[in-house]
Amino acid sequence: MKTLGAIAVIITGALLLYASEDFPAWGDPHSPASQYRVSQHYILKTFEETSVPNMVTAILADYRGYDTLFETVVIFTAGIAIIAILRGPIDKRVRLRLASEKKLRESNLILAQTCRLLVPIIQLFALYVIAHGHHSPGGGFQGGVIFGGSLILLAISFQLQTALDRVSEKKAILLAGVGVLIYSGIGLVCLLLGGNFLDYSILHNLLQVDPITARSHGILGVEIGVAFTVASIMFAIYANLSSRGRMKGGL
Amino acid sequence: MVDQYPAIILLAPFFAAIAVSLFGSWKNGLCLPMAIIALGISLAASIALLGQVAAEGEIVYLLGGWSRPFGIEFRIDPLNAMLLVVVTTVALLTAVYSTQAAVLETPNKYPQFYTLFLLLVTGLLGMSLTGDAFNLYVLVEVASLTSYALIAMHSKRAVLASFNYIIMGTIGASFYLLGVGYLYIKTGSLNMVDIREILQETGLYGSKTIMVAFMLIMVGVWIKMAFFPLHGWLPNAYSYAPSSTSCILAPLMTKVTVYVMIRMMLTVFGPEYVFQYLGWSNVVVWMAVLAIVAGSIMALAQTDLKKMFSYIIVAEVGYMVGGVWLANETAFIGAFYHVISDAFMTLCLFLAAGAIITKTGKRSISEMEGLFRKMPWTMVGFVIAALSMIGIPPTCGFFSKWYLINGAIEAGHWGYVVALLFSSLINAILFFKVFEVAYFSKPSHGQEKDENQPESAGTDGVGEPPATMLAPLLITASGLLLIGIFNQDIVILIRQAVSSFGFIGFLN
Amino acid sequence: MIWQFDIIILGFLLIAAILALRETDLLSATMIFGVYSFLMCLLWAEMAAVDVAFTEAAVGAGASTVFLISTIYNTKRKSSD
Amino acid sequence: MTITEFVVSRLNYWIYVILMMIGLFAMISKKNLIKKLIGMSIFQTAIILFYVSMGVKEESNIPILEHNIAHASDHAEASDHGQVEEIRAENYANPLPHVLMLTAIVVGVATLGVGLAVVQKIHQEFGTIEEPEILAKIKSGHG
């Protein structure tokens, strides 16, 4: 396997290096990828068409919103998949190990207090990242991961149960579903109002704004949906992986 | 509403998946009806869309209302319209089949199973619909992630098979992604049609990057469809998966990926580039020959029923890849016709295998004694599928082979003809081996067998499977005959699509 | 883009990738992998891909590492290669 | 073109290939399943590095409009067009690869998560995560 792998790797690598000879230089502003009308249009027209200064957010949630919908679905799928894989009958061995582990935990005062202090700040920051995605780097994914991270931090520094008391696994999956539903629901509303799927400009009647601002609002709505899904799935994945799908003990 | 069919096809299973995940754990009984209703809607919409495409030609659906190179679009021509009907039909039949099977095989994961199942169908539908090269990658990943999980949900061996599938599947998808990146760095576009136009207009045919991009995409897609030297992950994954999973994965995953390959070759790079400029068809057809021969021989060596079927799939992938790369219209018609008929043949085989395994608990061919007596209707379905696999006239398997062989003769590729005939012969041997055991041998150890059987089987040996398992099987079997009988209509549709690609004149 | 910075990080990246795969203690390997992710994040930020860098910092260096550690905790720490 | 310029213009593409091959080799030849997954992540991030590298433009800024430009074009209709500072494409990095790679990162972590879940399941079933040991257990009829 090792020699076979090495041969395959060397051949592929040689092929890729051979092709890279043909690439435009790194950082060349006149490379085809940057010169072609797609990229030009995105840079020049995004603000005009969606009134979002952060081009990445606008392309992510609007021009290529369909991609992002399925990106959210990928995360959602991963969450469901991990539950489906790990859930099973309870194994005695693990339960024993968990019992011994429990005692070590509870005593660490500094850790507990720092965490108590940090978690709300992290969550606040996450909300800021989600909401400010139009104007600065960030958006639903990043904010969602950070929010999920705050729950993971809670679970690591106390016990998994502490975090699960606040957001149980069932709730997390429910919230993740709601997130995907928000995203696709906005798309569906567009479809029902007579536009194409995910054509937010059609929402302008509903929101009482002009079509361009409607796109901006649509993007915000979509980002919120993404954040819901990502935050809750990140936590659900952690909860499952750290406890072997048993929701007990954990890291 | 009429112009929203493409969205409806995709969204019906998608929303059903979310609904199942939201309400499924609250009421398990809701999962299956929701799945069946959604797939029914999707099937109806895809049939309507097929009618529309057949009448009006290619349909473009702009997502988000953004025009061609800026947004993502669905492009539906007769080929993928037919594929959509195939995918939704197979999914619907499998959903009906899973009524009992899912309860038996994944008892405590009922909502998860249906969520993943519907998302898998969504991914496959999206893969066939999309007209955007990068979007295809995302949907490939949706379909792959769900299939990893669906496979790993079951037995011990399935978990390991799933891990190998994750590794191989990720390599395949990443190669595809890299190939798209290579295309992007040279063309600056991600839209399939747009890429082809830029390639033609700016004279990029000679570019090394484009050639390597083509190789990367092909290798990536071949890994995903288990083309012979890259097939390693498939047999274990499909044969150890729970039966309702293998019933949906085995017929659809490889076929949809073959369609992706067709789309990449014809829509993105264009037949001119692939067949005329590169001129690799001969090499690839020989690889296909190798795949057919190797797949058949490996199938012959198997004792496990489902594993034997999995190796037959490896051989069948060789048929389709070879047919496409023969680069003439007849062979292409054969290849695409085979995509359709093979989806149903494989479904029929796996449904039969699933029914047999659930009822008897036996996986090995040598343990199939007396099945004709015990489960006559199941075996009727099995026999029709087997005849189709071998290529006996009224079934669809005959017609696809007919076109493939004619195409190969047209292209003067005798190696492929021989391989096809050889593989049919091996299939005949394989299936008659099964028939022999199932029809002629009597169960040697009559009474003590009962203890090994699952609770579902009655106390006095084995009977027919429940109606929810039998009905899809028989519908599929009759479908095989219908596809065979109405082959002309399908061929006309394929020809309509092929004529727009302009195949004639690319003989090698 | 600042090419001097680019070259330095690329060098470190190579080292980190090789070390992460050569280390037989999986926990250390995971930590080095976290470093690798973080270097990637720096590199992308330097290449003006701030959103990607942000995501990688949160996902690659954060979530992935935690997932890996929790798996190692539940399986075993020593690797044969 | 000096040597430095040549190296700088190519280095990113070389390094990504090397990183990708390191990852690929690990995926194929490592025996430990977690090592394989780490290799997989390296493999995927290398591809992301490639994509991000092709979006770079010399002297360009992050793809977010500066406030004054955004604000100015807000009232573009009102003021004379000549007064407003125009958006120039070469001032901003190509945003499209960034968008695509956001998706790829998320797909990567999802795959990693599912892979790790499968590894844990394998450990539960076989008691080991070394490939040869698992295969030996299957062969001896344990599996």
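A, B, C and D label the chains in the order they appear, each numbered from 1.
Keep this in mind: a residue touches a chain if its C-beta (ideal position, glycine included) is under 8 Å from a C-beta of that chain, and two chains touch if they have at least 3 such contacts.
For clarity, every value in this text was computed on a predicted model and none was experimentally measured.
> Considering only chains that satisfy the touch condition with subunit B, which of them also satisfy it with subunit C?
Looking at subunit C and subunit B together, the chains touching each of them are A, D.
> Going chain by chain, each one touching the next, work out the least steps from subunit A to subunit C.
Each step joins two touching chains, and the minimum needed here is 1.
> What is the chain whose Cα centroid lies farthest from the Cα centroid of subunit A?
Computed centres place B farthest from subunit A.
> Subunit C to subunit D: how many Å between their CA centres?
12
> Calculate how many whole Å lie between the centre of subunit A and the centre of subunit D, each centre taken as the average of the chain's C-alpha atoms.
Taking the mean C-alpha position of each chain, the two centres sit 15 Å apart.
> I'd like the Å distance between the centres of subunit B and subunit D, where a centre is the mean of that chain's Cα atoms.
Once rounded, the distance between the two centres reads 30 Å.
> Averaging over Cα atoms per chain, report the distance between subunit A and subunit B in Å.
30
> Counting only residues that touch at least 2 other chains, which ones in subunit C make the list?
Within subunit C, residues 1, 3, 50-51, 55, 59, 63, 67, 70-71, 74 contact more than one other chain.
> Enumerate the residues of subunit B that touch no fewer than two other chains.
In subunit B, residues 134, 138, 141, 145, 148-149, 152, 159, 178, 184-185, 190 touch at least two other chains, as defined above.
> Multi-chain contacts only, two chains or more: what residues does subunit D have there?
Residue numbers touching two or more other chains: 8, 11-12, 18, 20, 24, 53-58, 60, 62-64, 96-98, 100, 102-103, 106-107, 109-111, 113-114, 116-121.
> Pick one for the touching-chains graph, please: line, ring, star, complete, other.
Contact map by chain: other.
> Can you identify all of the chain pairs that touch?
A-B, A-C, A-D, B-D, C-D
> If you look only at subunit A, which of its residues touch subunit B in the complex?
The touching residues are 15-16, 18-24, 31-39, 41-42, 62-67, 70-71, 73-74, 76-78, 80-85, 87-88, 170, 173-174, 176-178, 180-181, 184, 188, 191, 195-202.
> Of all residues in subunit D, which touch subunit C in the complex?
Touching subunit C from subunit D are residues 8, 11-12, 15, 18-19, 22-23, 26, 30-32, 34-35, 37-39, 41-42, 45, 48-49, 52-53, 55-58, 60-64, 93, 97-98, 101-102, 105-106, 108-109, 112-113, 116, 119-120, 123, 128-130.
> Quick check on the complex: what are the subunit B residues that touch subunit A?
For subunit B paired with subunit A, touching residues are 4, 7, 11, 14-15, 18, 21-22, 25, 61-66, 69-72, 106, 108-109, 112-113, 115-116, 119, 122, 126, 132, 134-135, 138-139, 141-142, 145-146, 148-150, 152-153, 159, 178, 182, 184-190, 198, 207-209, 211-213, 215.
> What part of subunit C is in contact with subunit A in the complex they form?
1, 3, 50-51, 53-55, 58-59, 62-63, 66-67, 69-71, 73-74
> Touching residues of subunit B toward subunit D in the complex: what are they?
Touching subunit D: residues 134, 138, 141, 145, 148-149, 152, 156-157, 159-160, 162-163, 166-167, 170-171, 174, 177-178, 181, 184-185, 190 of subunit B.
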